[in-house]
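Every chain is named by a letter (A, B, C and D) in the order it is written, and numbering of its residues begins at 1.
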Amino acid sequence: MQRHLTITPSPHVRDRASTKNIMQEVCLALAPAGIASVILFGAAALKLICFSVLTCVLTEYLYQLITGHKSTVGDWSAVVTGLMLAYNLPATAPWWIPVVGGVIAILLVKQMFGGIGSNFMNPALTARAVLFISWGGLVASYPNTVYCGGVDTISSATPLALMAADPSQVKFMDLLLGNVPGILGETCKIALLLGGAYLIIRQIIDWRIPACFIGTVFVLYLLTSGFNFELAVKEIFAGGLMLGAFFMATDYATCPLSRKGRILMGLGCGIFTFVIRAYANYPEGTSFAILFMNVLTPLIDRYTMPKCFGEVKKHA
Amino acid sequence: MFGARLFPGGIHPREGLNGKAENSGNPIQELPAVSRVIIPLSQHIGAPATATVKKGDHVLMGQVIGEAAGFVSAPVHASVSGTVVEVGNCKLASGATVPAVTIDNDFQDEWVELHPSEHPENLTAEEAQQIIRNAGIVGMGGATFPTQVKLTPGAGKSIEKLIINGAECEPYLTADHRLMLEHTGEIVDGVRLLMLAFGVKEAVIGVEDNKKDAISALTDACSGVEGLRVQALPVRYPQGGEKQLIYAITKREVPVGGLPIDVGCVVLNVGTVFACDQAIRMGIPLVRRVTTVGGLVNNPGNFLVRIGTPVKALFEACGGTLPSCKQLISGGPMMGISFKDTDCPVTKGTSGILALGKESIYPEETSCIRCARCLDACPMRLAPSRMDSYIRHERYDDAEKAGVMNCIECGACTYVCPAKRLLTQSFRMGKKVINTRKKAAAAKAAAEAAQLAAEKAANEKEKKEA
Amino acid sequence: MLKKDTFLGAFLNGLIYENPTFTLMLGMCPTLGITTAAMNGVGMGLATTVVLVFSNLFISMLRNIIPDKVRIPSYIVIIASFVTMIDLLMQAFLPSLRAALGTYIQLIVVNCIIFARAESFAAKNPPIQAIGDGLGMGLGFTWAITLLSCIRELIGSGSIFGFRLMPEAYQPMAIMNQVPGGFITLGILLILVNMIKAAIGRHNQARKEELA
Amino acid sequence: MSTFFVILIGQILVNNYVMCQFFGICPFLGVSKKVDTALGMGLAVTFVITIASFFTWLVQNFLLVPLHLEYLQTIAFILVIAVLVQVVENALKKMSYSLYQALGVYLPLITTNCVVLAVAINNITDGYNLLESTFSGCCSALGFTLALLLLAGIRERMELSNMPKWMQGFPGALIMAGLMAISFMGFGGLI
């Protein structure tokens, strides 16, 4: 009877979900977009993904080795960061771009603030922004797909830029399948929708963020274009909006905790994406909008904490 | 996918072998009396009862062996007839050492003279309170709060609604389920008597709808009773929490720091109501209860056990634990206490005894990833991850502001945490520290006030003398 | 360590021990604002040093005359006068450097280093030490921001003082010339300085223990 | 109207004095440990800058320019600001003691906050009229407050994370500020 019995505090059953399998599921959800990018942009895409993931994992491993922390490489979070970083690069980027980006993402943004869960900005997006600002020529050039001119040719304009001139120039089917110039992960919307739907069904991400995010952008375009439905639909299917809304804005560490806060996060991302897309220097506003909302997140959290059960009645 | 819910938060805890599904079909069987029972005198919240017997005394079944010591307390009765062999201490499953009376069973099952109520349907509130108090009835869902205290609303408050807790939301436990099936009549009768005695117009029996047979049985039995109805509740833990159940049924929120009576409700467990019925109709005090034995045992079942029976007798009746058993739990897997010593007695609050496997062993804690699952799971709408980090950084004031004192320790946050953080554990510790500090502060303030008063008095005296 | 109330002591204190940038964390705006090129660092540092020395000197000389109540406006007037002089001199003789430094020259007046030294040192010490302190603090500030600007210029433009040092293939990291680069570089530099300090501290501690 | 909108967005987001131009870094790093104090400081600064923008514009256009004393701008402005801070402090003490208690401790620090002087000088350089100057001053100060609040929020959160020892304090705050500044760069070219 007494053999190897243990005493632990309650509760005595735990859910099966762990950090590791959540991250693995995110990787799984990211996989279709990765496969699509290899199909669309060829071996160059695969090379960048490998470099990015390897750098992230290695940086995390080495940092923890040097500082004497227990290695958290096994939780797959570095792999997720690596994938997201690669998805944010054009296929023409040289090999050292994901390497520099990976080091920045893991070291500067994540580990220096205490590792997983402690970073206040999305590592992959921050790294992308740094690369973007530093080497705009290399990171902000968008190659054509294999099926449309070939990866060697740099497109003159992304769908977003084309649409600014005339929405009918861009075919909806091309947007959906990803046969448009752009960064690796953003072009194939079917793959992204698939991954996003998977994450929502598995309840890994909160549907409120992508729904509010995409919805806000859609509504704003509809309103400002005099109810040009075609433009509004194409706008939400163009650029990095889907990638950002499903995979970046929903990053646990950098989005608000409460449901109300998450709705605000989605709205804020949507508004800033629209504003930057429509009026600022950069053709693509998703990443900067998300980064800005990341910075706002602690304040959102502060003011949207749910009221304790029973506190509402007291004031009424 | 998202599941219906009638209260904020909540989870669906998973079950292992011999859970509700396997065990709810096993009828209640009476566990044969054991030769020696150890009856703790502290089986309730409040002051321990004071022993009224001494070594060598002969006691009868149902005889008072410990008297309630104060308002928030409950008497304790002998569950067998026999000879008192020791008035000493015993260890409970929680590890606490409490005073206890050990009785050697003479197997005569000789009852003391029972005093059934002469007019059960015309009891006054005071009479009913007295009967319940004398019967030693406490909350049998596990909280063990003396029932008559609950039924004594403070000045200016009245019981509008009686809510009967048949939710039994903890995994594995089926004792209440079986009780509702096999003693439907007594339970409904008990509710009716309480309604009459306390002038309550409305009563609701809340049952989770994984107990369809119990719901239909109760509904049938209720049909003749005015103001009493059965409400099926979607399955969700912790539906059986007082505040959650009240909200699920009445949509009233018990205010922070308040009691159910503040919103006109009193919540009683079905087991408690059954015990009340027994006490009023037959004069039988609380000496037995139904306990589930489940998990990794050979033959799980629901047993009518005499209070004070060592837990090992239950395991023996179940054919022993399976080799894969790693942990024994008293109570449900979410809020129960793990224990090693199977000599500890079954008490009034023992709703179940479980044997769990390696899933109950704690995995290693990792960093919080801010997934906010704990926020979604918290039935009190708290932010567990945040309170946890306040407590771990020893910022107790902030933790208190964040509402840690409202935590009901249901364990839902800890259950869902993918980083496997020991949230509930941390809150228990934090609450303890905050309470200790508050007590210290109050003591200090009282001392200062006393000193001030003394000085003032001295000053006045001086003045008078001058 | 030398005592602060000698000229040399005050000088070294500012230069190293209580370096305004790395220890006192004063004067952050110019430290970050103009350090995109090494030359700017030197120019800003020296301009600040001149103002600091003269304001320290004057405030120290007048320390027994200025009534306590109006000391802050008085200091501000003294400092602002020197800043205006430096500003006008630079506009006349170093127009390109003045243009590169922009408003920051005028803002020397609110540089907390100068104000802090006036308040906490010059107002309490005789002129010689005050000059020492001004010189030490000023040069301490100068070397700190020059170091910072060298790093930023090297990574952000591939050169130092305009001389290309990085190989031809190196692609300059433009963000170093912008606001984020400034903050992050100083942050990392500060981490390194703190680590070196801690290492020296441990070393001294060990030696002390050895001696004892 | 559109000028005012441009000023609003420009001073708060695009040309945020702290995040995009490196002004007022000392109070930005110094008073950003707690959101509550950051808010107090932000409000005090907003109050002073708005009034200072108004008066420095008057001083520039009705005193310095007519007398051809533009080269005394720095001295004149800093004096105006120092006097203003003093006046505001005294006035607050008399008029609203609760407000004085809330903002009082921050007021003396404002004299040496370079945002105040920088805003005053830039208003003149940008050729704004009196109303625009005052509005721009107010918006700049709100931008400063925003940056301060954001950093304070992040620092409060980071206090609860397991940041390595060597990151705590100023180094961490600087790197946080740097990352924040990246997020502000997206607004480039908005106006």
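By definition in this document, a residue touches a chain if its C-beta (ideal position, glycine included) is under 8 Å from a C-beta of that chain, and two chains touch if they have at least 3 such contacts.
As the structure is a computational prediction, the values presented were derived from the model and not from experiment.
Each step here moves to a touching chain, and the least such steps from chain B to chain C number 2. Put simply, the chain nearest the middle, going by average C-alpha positions, is A. For this pair, chain A with chain D, the centres built from the Cα atoms lie 34 Å apart. With centres set at the average Cα position, the gap from chain C to chain D is 22 Å. Computed centre separation for the pair chain A/chain B is 47 angstrom, with centres defined by C-alpha atoms.
Centre-to-centre separation of chain B and chain D, using mean CA positions: 58 Å. Shared contact sites, meaning residues of chain C that touch two or more other chains, fall at 175, 178, 180, 184.
Along chain A, residues 108, 114-115, 117-118, 130, 133 each make contact with two or more other chains. The residues of chain B that reach two or more other chains are 367, 386, listed in rising order. Across the assembly, chains come into contact as A-B, A-C, A-D, B-D, C-D.
By the touch rule above, chain C contacts chain A in their complex via residues 171-176, 178, 180, 184. Against chain D, the residues of chain C that register as touching in their complex are 25-29, 31-33, 72-73, 76-77, 80-81, 83-84, 87-88, 103, 106-107, 109-112, 115, 175, 178-184, 186-188, 190-191, 194-195. Only residues 108, 130, 133-136, 138 of chain A touch chain C when the two sit together in their complex. For chain A in complex with chain D, the touching residues are 67, 108-109, 112-115, 117-118, 120-121, 126, 129-130, 133, 272, 275-276, 279-282, 285, 287-289, 291-292, 294-299, 301-302.
Touching chain B in their complex are the following residues of chain A: 1-2, 4-19, 21-22, 72, 75, 77, 114-118, 201, 203, 206, 252-253, 257-259, 305-314.
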